[in-house]
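Look for subunit A in each of the two complexes below; its partner is subunit B in the first and subunit C in the second.
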Partner chain A sequence: MPKRGAKILRCVVLGVMVLSVTGCARSQKILERLAIDHTIGYDLDDDQKLFVTAAIINQGEGGKEVKQELITVEADSSKEAKIKLSRQTSRNIVTGQLRNTLYSTEVARKGIRRLIENLVRDPSISPRVKITVVNGSVNELLSSEFPDHPNTSQYVDHLLQKNWKNQNIPQVNVYQFTRDLLDDGIDPVAPVVRRRGDNVLVDGLGLFKDDRYVGKLSADYNMLFAMSRGKYRQGEIYIKLDYQDLDGSVMLGTVSSDKKFKVWRKRAGGFVVEMLLEVKGDIMEYTGNVPLGNSRDIPKIQQGISSYISDKMERMVAIMQEKGSDNVGLGKQIRNSISYKEWKSLNWDEVYPEVTFRCTVKTKIKSTGEIMEVPAFKP
Partner chain B sequence: MASNQEPVTLTHVLHDFDQCVDIVHRHFPLLSADIVFFDHLIDNNALERDILRPFANIQADEMHNLLMDSQFRAVTDHKKIIEGILKGDAAVFHCTSVYLVALYGPSSRAIEQSETEAVIIGPHDAFTESAFTNLSLIRRKLKSSHLKVVQLSVGEVVKCDVFVLYIDGIANMDYVNVMIERIRDIEIDIIVDSNMLVQHIDDYPNTIFPLFLTSERPDLIVSKLSGGKVAVIMDESPSVISGPTSLFEFFTSPDDYYQRWVIGTATRILRYIAFIITITFTAAYVSITTYHYEMIPENLLYTLIESRNRVPFPPVFEALLMEITIELLREAGARLPSKIGQTIGIVGGIVIGQAAVQAGLTSNILIIAVALSAIASFVIPSYVMSASIRFARFFLIVLAGLWGNFGLMVGISVIIIHLSKLTSLGSSYITPVAPLEFQDWKDLFIRGPFWMLKERPTQSRTRNKVRQKMKR
Partner chain C sequence: MKERLYSSHIALLVFMIQTGVAALSLSRKAAVYFGTNGWLSILILGCAAALNIVLIAMVNRIGNGISVFEIMDKSIPRFITIPIYFFLTAYFAIIGCLVGKQYIHIFQLIAFPSASPLMLKGCFDLLVLFLVTKGIYNIGKTATVFSMLILWMFFLLFAFSNDFELERMTPFVFKGGRNMLSGAVEMFAAFAGYELILFVMPYADRSKKWMRSVQIGNLMTTLTYLSLVFVSFGFFSLEQLKIMLYPLLDMLAYIQLPFVERLENLLFSFLLFTVVVTSSMYTWSACENAQNIFPKADRKVMSLFIVFVMFLISVIPDTLFELELWLKVVSYVEVALSFLFPIFLILLLLIQKRSGVKSHA
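Up next, the complex of A and B:
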């Protein structure tokens, strides 16, 4: 027995040596010795050089309050920036808690592929890091102080998070951005934020052609874009009725939608893509002249809503076609309907602006509220 | 003159008990009889009834007839006489023959509540140090002639009675025989307590986990016996052994069965959660604050950094420091009388806990982690198992400090591998998991409703599997 014990002991000692002497020990990242990166922002300075702003969670020496600290550096690439940044702090800069990356419109216009590649390459960076375009200077946004929100980078992050949860903007993180970037026949988007007074505002949706920012869709289109991209649940939509003799406006609540695409070939060449959209919702607010208590008039309002949505959807795609960016993914639908060989031989960038887009909407109003119960007035 | 008439054996016996002032020797010259006994081992009423009164009422010539009575056992062997006297018999010497009269009845502790295994509802009686009281407690609950009791004795210098109990027809005789054989094979001068006996009969003497369930509760032992297990009572010890045992039995308590099944199940699940908390919580804290800052949710990150900010030690030292402090408090509290024990609780809980944070020695989140895992460890009903788990935790904390989550996984794997190697009376220690026996799960991981618990545990390997036939 003592022999066996010695053998086991030898194995244990050997095991501990092998695992701790081979250089694993230095990988310690003790929490309070870290400068934890929360947000990284990229600007261009006057010499067209990259200007990096990092918002780090800093704890101050000797038990001071934990707060955000900004460090900035001018660099040629994001990795050079990291080395230069670490010269400015007493702690190790780590990126494992990175939440958000901000790109000024100038940086985004030049293309952000290289910057995003670095995010993907680093295993400590989560694929769920958000990608956001800032209308204006990133450094200015991060260094501005908002009286109600002491921690600016966290504020911007939570703002995006909340808006994504309410389906006001699509969720755009490294994973979704690179997926749309690398997939054929679809281009990525990213939310645009800017400062307004004492608040930050979601300014709309940034349209990308490949990795280059080409323009912005106004915030009015947020719902429609969400509907065009996927299933839409529990949203709210405000509609101005302008159909036949209808007037006023409708607010639809608990909206859910589902979409399908159909693709035809034009006889003269080129494609027609039709989007079949089904929208369901409850009327939350109505200011028009049609008495909602009369169920015969409901189809009319439904048609009014349908025509509003389809008009606006077609207008939205027209804006994208004008900019040459296929953010809805019409190319993907066409690609799925033709052979791979044909798709390869197609010069999509040239074909895309010529594609005819039609949107057919079927609206269903699930309920109009308590008004249904009130009997019609008869003199 | 009288000493010459004394039989040789009496001189021998008295010589053996030379210098034992507690031996009592009474001489009856009229009857030419002698009795020798230990005053404190016998029941005085029985002495009066069985010996003194009959002796007073007879003449010398009637002595032979009296000694024919059944309470007088004729013994010729000198060693047997010594042993008998030590066991509380009175030795009666008359002419050349010797008789032993069983008068055993020392003063003993009354049947009280168990301090280590208290329950809120259900029977409150607990075993005492007297084996006969313990046997009586079991017999009272198991009024059956099928309950068999085998008497053995261990100890070379000092013989101690050991009783092996099983229910004939339910218990597997292989287990009974193995148990008896192992107890017979013990060669040691003295065994004081059954928790010591357990360590002489278990399959792996070096493991930290207890391989047999020991309990002070008669209702628990009765339920184990009726489940087809073997029980061992040792004289002079209040804990009774039952086996074969699986790891998961240590997480069950008799009052699971006294409550509604949903509540019993919830309590049982709570104990498994407590087990996981005890074994991993502090280690996870060490691992995360040392290596895996990425795993901390954003909202917790700020408070965690703030609380760790002033701590001068790496997390692993900080955690070991506090864990050792808690163990000190526990050990100090266990040794002290309960009135001072409360003071220890206050000193430990409030003064040390609060002051250590304020002095910047530890972070308050670690205090929560350490306190929570200490409390969770006491949720486990078996004190022996809870001590084992608390020990295993230190191993995990060190590994977590060395290699982070990887170390934690290595540690947990080593524990699982070790557990799956263990056996109790030759049957697997993690029985319903490996070998996989799903029908046992409803009586170990949850406390299923009684209509579901139709069969005895598979670990008993009983021939008589069905425990209830009620149709539902």
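Up next, the complex of A and C:
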């Protein structure tokens, strides 16, 4: 008998569960009724108030058509903007598929900590949402029409994604930006894009001092920055040779690099940070005067490449030091080489511009391509 | 009774009781209380738990595996033991329900913001009830099966190798933290749960090995936590880790597969298995204690009653803040209890032995 009772109890319980689960039906989400927030952009208007542009993707009936809709609103915060934005659309705005956030240089110059903070706070927003600075007006960029790319917000997103995969720009998302923002030995960066004619292009790398945008590194430095930040794989680099009697240019392919740092103190106070960089690659293109066929001359070209990279790397850090932003993370290296007490008593903002940075590069050419050397033709 | 809990079951059971929702915030607590390289604190806490298990093993050895209740009833009058059992029943039931409620709250935060927490908690309690009424052997076997659904998640830690950086950890040890001692007690709650083995003693396999498997279970928990917290210290920067409510959830959210992202909702559901086992074991222990107050009561009715009361209690803390505060208070009591209770039992056993020897003489 008790067994039968238990069975009945189980059936009743199961029934109750099944019935109660049907309650979940209320929160079902129908794709055609959703406004999927793909990109949010922030500008400042004339009164220095936040001007929010949301690029929304509307799934058409039947699941075929995908249309981009732009809605704009003036607001004090990103969440207020969401509420105001929802008044302008017949669909439910959802942020779970947010891919990219764009900040005009004006907004970024004022500091974007509050805006980022709210992205981190909201559990529906992925930590992989990108952070991008727009050179110019975000609203103008998103509302521009590009003949080859019907959906501007997706176009910008894919552009960044591709460039990141090719290691042209560092990947910067909410997690990484917050991580570097809150770390005491490094400052964050974000890619800068702008419109040029019928295209959008990566305009360089935005340098941040804490959460404020302080300037831009030109796109020429993208590779070098990537090398300074971490292990670099499968990239390409174009080098102008100008070392001793070398001239012309060389293009290195399948470049890989590895770095190490050394820190020591100057006698007069302050620090020297040396970056030891090892670069490996294959020659893909070469226009120099030294013949490649002779293996004795290869070290000379290697030295030429090394000197180019180290000069440029030092120039890059000098630009950052001038702007007071430590985007390579020299602070991290110095912090890890001194005591906790000393690091905490250090006025880093004053010390940083005085840090001497040196870059020593060791280049290894793995091969010179599929040919030896084309013989010179007699005139 | 022929059925016995074998040592492999016990190791996995201990692992499953120990691990739970506390793992989500463990990295943050290590960062806030211990500061730089706070992951080392996990080793200290793991050792403390191992020491505590040695105490429990002594109870087992001196008492020759007899139950806690037998030890107590032998030398303490019943009008004193009944309030103690009553306290333990209430206490274990409260832990059992808070652990479940916390899981439900977090689940709601990330996945079902509009669903009623009462309904979710009701479903959860049903699972607990089903397990508890099946008895300790089945809980043990279930824990073994469930652990297979959890253990694979360990390999997810490799997903963070790209963003992991040793330099982020700094060479400083325990700098920039605060309230290390009270923090350690709070963090210890993540290890607690093995003390329930005291009540499992009479049901375990008689061989001497089974206490070793409790240690193995604890070792598994320690290593899991250690690798998890270590990876989060290299993945997040210290100040970032300090502000993340549940760093593990953010890490899960960061995992991306070519065909799907935002996996945290799916992965978080797997934690249900370990939380159900934790909650069930606390409820089961509460039932064991209640059984000693009312020896003639029907076990199933009693389980139902206790689970129902647990459900009612869990209605009270309705914000995550309140819940965390309750859990903090409970964890202080838990740490004190898990050390003092075995010591108390050892003293009782020694007194009993002495008087026993005397009476034989």
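Quick note on the criterion: the second predicted complex is superposed on the first by the 336 of 379 C-alpha atoms of A that agree within 3 Å, B and C clash if a C-alpha of one lies under 4 Å from a C-alpha of the other, contacts with A are read in each partner's own complex, and residues count from 1 in each chain.
Convention: a contact is a pair of C-beta atoms (placed from the backbone, for glycine too) under 8 Å apart; a residue touches a chain by one contact, two chains touch by 3 or more.
Note that the coordinates shown come from a computational prediction; the quantities given were computed from them, not determined experimentally.
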### Task
Once the structures are superposed on A, label A:8 by its partner contacts, choosing first (subunit B), second (subunit C), both or neither.
neither
### Query
Between subunit B (first) and subunit C (second), which does A:83 come into contact with in this model arrangement: first, second, both, or neither?
neither
### Query
Now for A:96: first (subunit B), second (subunit C), both, or neither, which partner does it touch?
both
### Query
Touch check for A:332: first (subunit B), second (subunit C), both, or neither?
second
### Query
Touching A:127 in the superposition: subunit B (first), subunit C (second), both, neither?
second
### Task
Based on the superposed arrangement, let me know which partner A:318 touches: subunit B (first), subunit C (second), both, or neither?
neither
### Query
Can you list the residues of subunit A that touch subunit B in one structure and subunit C in the other?
20, 24, 27, 96, 126
### Message
For a test of understanding, state which residues of subunit A touch subunit B in their complex under the given definition.
### Response
16, 19-20, 24-25, 27-32, 34, 36, 57, 59-60, 62-66, 94, 96-97, 99, 124, 126, 154
### Task
In the complex, go through subunit A and note every residue touching subunit C.
6, 13, 17, 20, 23-24, 26-27, 96, 123, 126-128, 175-176, 178-180, 182-184, 230, 329, 332-333, 335-336, 340
### Query
Along subunit B, where are the residues that touch subunit A in the complex?
289-294, 296, 298, 301-302, 304-306, 308-311, 314-315, 360, 402-403
## Note on the structure
Listed in rising order, subunit C residues that touch subunit A in their complex are 36, 109-110, 112, 114-116, 119, 122-123, 126, 163, 165, 167-168, 170-172, 175-176, 236-240, 243, 249-250, 253-254, 256, 261-262, 300
